Amino acid sequence: MSAVLQVSNLRKSFGGITAVNDVSFEVEEGEILGIIGPNGSGKSTLFNCVLGQLLPTSGEVRIEGKPVTGMRPCDLNQLGVSRTFQLLQIFPQLSVRDNLVLAGQEHQGTMFSRLVGRSDAGLTGAAEQMISFFRLSHLADDQAGSLSYGQQKLLDAAMAFMAGPRLVLLDEPAGGVNLTMLAHLRERLETYQRERKATFVVIEHQMEFVMALCTRVLVLAEGRIIAEGKPADVRRDPAVIAAYLGH
Amino acid sequence: MVHFFQLLLSGLATGAIYALVAVGFSLLWQTSQTINFAQGEFVMLPAFFVLMAMNAGAPLWLACLIAIALSILLLGVVFKFVIVDPMLRHGVLPLVISTIALALFMKEAVKDFYSSQAQPFPALVAEGDVNLLGAVVSAQSLVVLAVAIVTVVGLNLLLNKTRLGRSMQATAQNPTLARILGIPVRRMVLYTFLVNAVLVAIASILISPIYLAKFTNGETLGLAAFVAAIIGGFNQVRGAVLGGVIVGILDNLSAAYLSSQYRAAFPLLILIVVILLRPQGLFGRAQERTV
Amino acid sequence: MLRHGLIASALVVGLGIIQQAKAQNSVYMPAILELSGTGAVSGTNFRDGMILAVEEINAKGGFLGKKIEMPLLDTQSEAGIARLQVQKVLDNKPYVILGPVFSGSVLTSMVLAQQAEIPQLVGGEAAAITQRNNPYVFRTSFGQQFSMPKIANYVRDGIKAKSVALIWVNNDFGKGGRDNFTKEMNSRNIKIVADVSTEAGQADFSADVVKVKAANADAVFVYLNEEESARFLREARKQGLNVPLIGETTLLGQKVIDLAQGAANGVKGHVGLTVDAPIPAVQQFAERFKKRFNYVCDHNGIKGYTGIYFIKAVTEKIGKFDSKAFAEAAHGITVSPKDEPNILMEATWDKNGDINRESFLGEVVDGKQKIVEVLPKLGVK
Amino acid sequence: MNRLAAAAIVVATAFAIVVPFFLKPFGIYLLSLWAVLTIAAIGLNLTLGYAGQVSLAQGAFIGIGAYTTALLTQAGVPYALAFVAAGALSFAIGWLLGYPALRVQHHYLAFVTLAFTTLVFLVLRNEEWLTGGIYGISGIMRPVFFGWSTAKPLDFYFLCLGVLIALSLATWWMVRSPWGRAFVALRENPVRALSLGLDTRRYTLMVFAIGSSLGGLSGALFAPLVQFLEPASFGLNRSFDLLLMVIVGGSGYFFGPFVGALVSVLLPEWTRIAEGYYLLVYAALVMVLMPLCPAGVIGLLERVLKALNRRPGTAASARVVEQ
């Protein structure tokens, strides 16, 4: 069976600068792939190319063998690909529950049925589950904007999971989250991944987090993959150390 | 051909007026996100300051100085602190409403307390026409043109060559960064309001001999300047000027060669096309801040 | 914006919260005028003319023992609002309704007054107003269907033009004049070689003058508002447009002459009502007006002033305040200065409510309007 | 809070039904006008308040709807059909006007729509063969339904009120449906919405089209109300006025437009004491009131109520924040 995500010879350059330079990798079902690398190594650009936020200069992206290069994010999402963002991306004026319903509703019925059908698109139950899964029940009715940063991170992740995606790309989930909250987040991610057999790709600075969470790690520097393998091995790889120290 | 040149020349003269108004318009936008829908009325008003001063017995030159001073006070300081500042943090729209209301207020005030009739206005330069290769343009228009160019060049020098000017630009482009660099942002913003006040006063004094001082003058002028500013590029003094000239000339050419009934439509069509294809304006810099 | 300002007028009245207190010994004649917006100049002139008349009459104790109560209502120069104002005052049973001036506003509101059988004294000049056999509408000045033939004849016989260029302001005043003038020209088979529309409040007339010039017609008919006329005249002089410029009151008025600063010299045309008329009564009125409001009144001022005295004359004729009787009596009435000096000039109202007066051919000679010929009343049709 | 709102609605509706019986024609006329303009304001509130798409074109759509209705009915088409046509045409044009919104946002969008409004005015004025040009269209008849003539003020008012209530309910249903949530998402965070599978493109066009069609339907009532159409009534001022209604009422609050329209109709009346200077006072009042309650009347109310009992806003009562 083919890989869930397949990236081949992906290249993205802005004017003169090449942010992502001929990157290829695959992600198998149920994997948690970590992508690490110093700042400006092209991690986020790579993400945005994969997710259709940016159009790659060349190369190809496939989801379960289906070419999706340059497809609009919303269509990708409909194929079961979802993501979280490096900088918080929630809907501050909506209640936590509405945030989650919103995250799921576009996968329910048709445009028309969403107009005439139930106002919660039949998602209240699912939303409540997700809320309690991330232990946010006491906040369900609060405006998302009023949550603490860490809680918003949880909500962000919860939204990414709401539609039961097959592939989730997490962009620095640990960024700016305190350690207790971090442990909680990681534990939740692992549980979710175990229960749903979902596939994760995680961009992260926070080494400990990546090492603990990921089954495989991929190291990016100056837009190229310089190392790949089990967390432990990668950690000892001189090239990697060089890249980080050199930075 | 002579006709064409005539149209070009007159269009240029009118365009210069629009330019003067448009420059201040885009300055305000850059530094304080103020879309001043009363900009036209800002140009209408100072002329009446002049007239009032002259009725009080002041000679023209003095009256003009008084008018400029008054507009710095009212259209600069008061406008900023009383109208704009309280509204800014509430976003663009409520402020838009306020400036629209302000426009109505100024019109009504002039009509009720001065006159609803158009007033003849003394010309700074002697009446008289100049003949350029068959095309005729009034001395006044030439003066307007000259002053517009001088003002804009001066403004450009101020903005690019002086420390103050660079600070103002920095403020316009990135207040946060400017603040970090230790630029007194709030004062810089105030300065742009004062500059605008002076510009509109000058414009008012220059055009009233041609337009005749009347409380409704702002209506057409405001829209034209507004269109000019956007076409030329909202974030560039130079842009606003070229925009003004383009609108002035375009208006004449379209009225003469395309359709006088739709003459008002062509600048607007250009506006739409420009916004869709080149939101930063024909001569604007690409990195335009969004609201 | 905020246009519903007046639309809202007296929602409160409507709600019956405030009732307009009508003094017993006064007669309620509301004035609905263009006090703001594009029509403000005409509206305020008309208003001041009426105020002057009302003040004079009330000072003498009113007529038939009642003083005139004349509240002013603003139409903001919009027909919709004008209609609302008429609707509003109708709730208070007026004796006569005064205004509006803009033809569009008149055309929308006159139906209501007709249904309520209240006479309406309007300033509008569009031909259509008196062609809808509405027995309750009365003019205060020539309809365009009367003034245009006079100009047309002048263009044909006075100027002896074979072709004319036409420049007009694109609002209901200008368009109406343009359409009627075009009709008259065609019937006299004089060719219209240029037909230039301009915007109200337009400042730059170079393109328009270029067009008119290019047409090189025998004469140019100018039908713009006062300020625009002045701006046009200056541009015309600038580009050395040297064909006869013909116009109406809005081209020959003293205001235009002042604003045009010399460029108006040589302009000719037909003047319905003018403070420069060679009639002592008119000039004395102009004096009074200037003294009271310190500006030179234009034809709208005279329209407002004489309008009030027209009402006085008719009312005194029927000897009671009865709107229906007024409407009947006013048709075919002739008011002459002998009986009512302040009517200024003898005037007759025909069965359609059209007014018929002497009018003038004028010419601007070194900064002054000079009446070159007095045109008699048209044979009453 | 919801119980309170419900009570308020009941009372208001009762008023709207009972009061006109005690009014003179003029008062009834104004109430009808309020109802008609509220419909347009609801449309604008949808586009601007919920979806955050600035539009200065709503006035133009009232015009498009009004002229469509007038022309069709005078050509002998039954009013009901003309009414639908007005809505449909505005929907289509609104959809097209939505495309710029896919490219530019905020003030730029405002400029485009502003230009559009002026262009519509020019067409209405210049295309005399179709629109009657500057003279406009007069003698527009009020409709008759199965023998029920709405010629009398009261009858016509109840027609307007009926349509208003029907459209309000439809809109209410929509804003609490997933669509409403999607519209708010467009305003709050389009990027995130896109990554959650929201076809932001389609929703944007849709919200523009629906908002505009409400403008058109309002126009379909405006024509028989005023019974005379002229281009000037659909110029920029009308659009500014509707903007005022939405902002003053409370942008993004469902009941904002109702209040806003009422204020925009009443405020000048309160300044009436100022005689000839009423417009002056009016403008001054607006300038004073804007800073006091930028979130509009409803926004103010909500703040007060929140102070009383802490309850969060929901999608239906989320308000615009410009970043």
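First chain written, first letter: the chains are A, B, C and D, and each begins at residue 1.
Note that a residue touches a chain if its C-beta (ideal position, glycine included) is under 8 Å from a C-beta of that chain, and two chains touch if they have at least 3 such contacts.
Since the structure is predicted, the reported quantities are computational estimates derived from the model, not experimental observations.
Enquirer: Using direct touches as single steps, what is the fewest number of steps from chain A over to chain B?
Expert: The distance in steps between these two chains is 2.
Enquirer: Identify the chains adjacent to both chain B and chain C in the sense defined at the top.
Expert: Shared contacts of chain B and chain C: D.
Enquirer: Using only Cα atoms to place each chain's centre, name the chain farthest from chain A.
Expert: Result for max centroid distance from chain A is chain C.
Enquirer: Hey, which chain is the most central one here, using CA centres?
Expert: Closest to the centre of all protein C-alpha atoms: chain D.
Enquirer: Measure off the straight-line distance from the CA centroid of chain C to the CA centroid of chain D, and report it in whole Å.
Expert: Between these chains, centre-to-centre, one finds 37 Å.
Enquirer: For chain A versus chain D, what separation do you get between their C-alpha means, in angstrom?
Expert: The computed centroid separation for chain A versus chain D comes out at 41 Å.
Enquirer: Report the inter-chain centroid distance for chain B and chain D in whole angstrom, where each centroid is the mean of the CA atoms.
Expert: Each chain's C-alpha centroid was found; their separation is 32 Å.
Enquirer: Averaging over Cα atoms per chain, report the distance between chain A and chain C in Å.
Expert: The mean C-alpha positions of chain A and chain C differ by 74 Å.
Enquirer: Could you tell me which residues belong to chain C and also touch two or more other chains?
Expert: 1-2, 36, 170
Enquirer: At least two partner chains per residue is the criterion; list those residues in chain B.
Expert: Only 100-101, 104, 108, 261, 264 qualify.
Enquirer: Name the touching chain pairs, would you?
Expert: A-D, B-C, B-D, C-D
Enquirer: For chain A, which residues are in contact with chain D within the complex?
Expert: 51, 53, 72-74, 77-78, 82-83, 85, 89-95, 98, 101-103, 105-108, 111, 114-117, 119, 121, 141-143, 146, 159, 162-163
Enquirer: Okay, in this complex, where on chain B does chain D touch?
Expert: 35, 83, 86-87, 90-98, 100-102, 104-105, 108-109, 112, 223, 226-227, 230, 261-262, 264-265, 268-269, 271-272, 275-276, 279, 290-291
Enquirer: Mind listing the chain D positions that touch chain A in their complex?
Expert: Result: residues 174, 176-182, 184-185, 188-189, 191-200, 202, 312-315, 318-319, 321 of chain D touch chain A.
Enquirer: In the complex, go through chain D and note every residue touching chain B.
Expert: Spelled out, the residues of chain D in touch with chain B are 48, 54, 100, 103-108, 110-112, 115-116, 118-119, 122, 125-126, 240, 243-244, 247-248, 251, 276-277, 279-280, 282-284, 286-287, 290-291, 294-295, 320-323.
Enquirer: Using the touch rule from the top, collect the residues of chain C that touch chain D in their complex.
Expert: 1-16, 35-36, 72, 74, 76-80, 83-84, 87-88, 90-91, 104, 107-108, 111, 128, 170-172, 175-176
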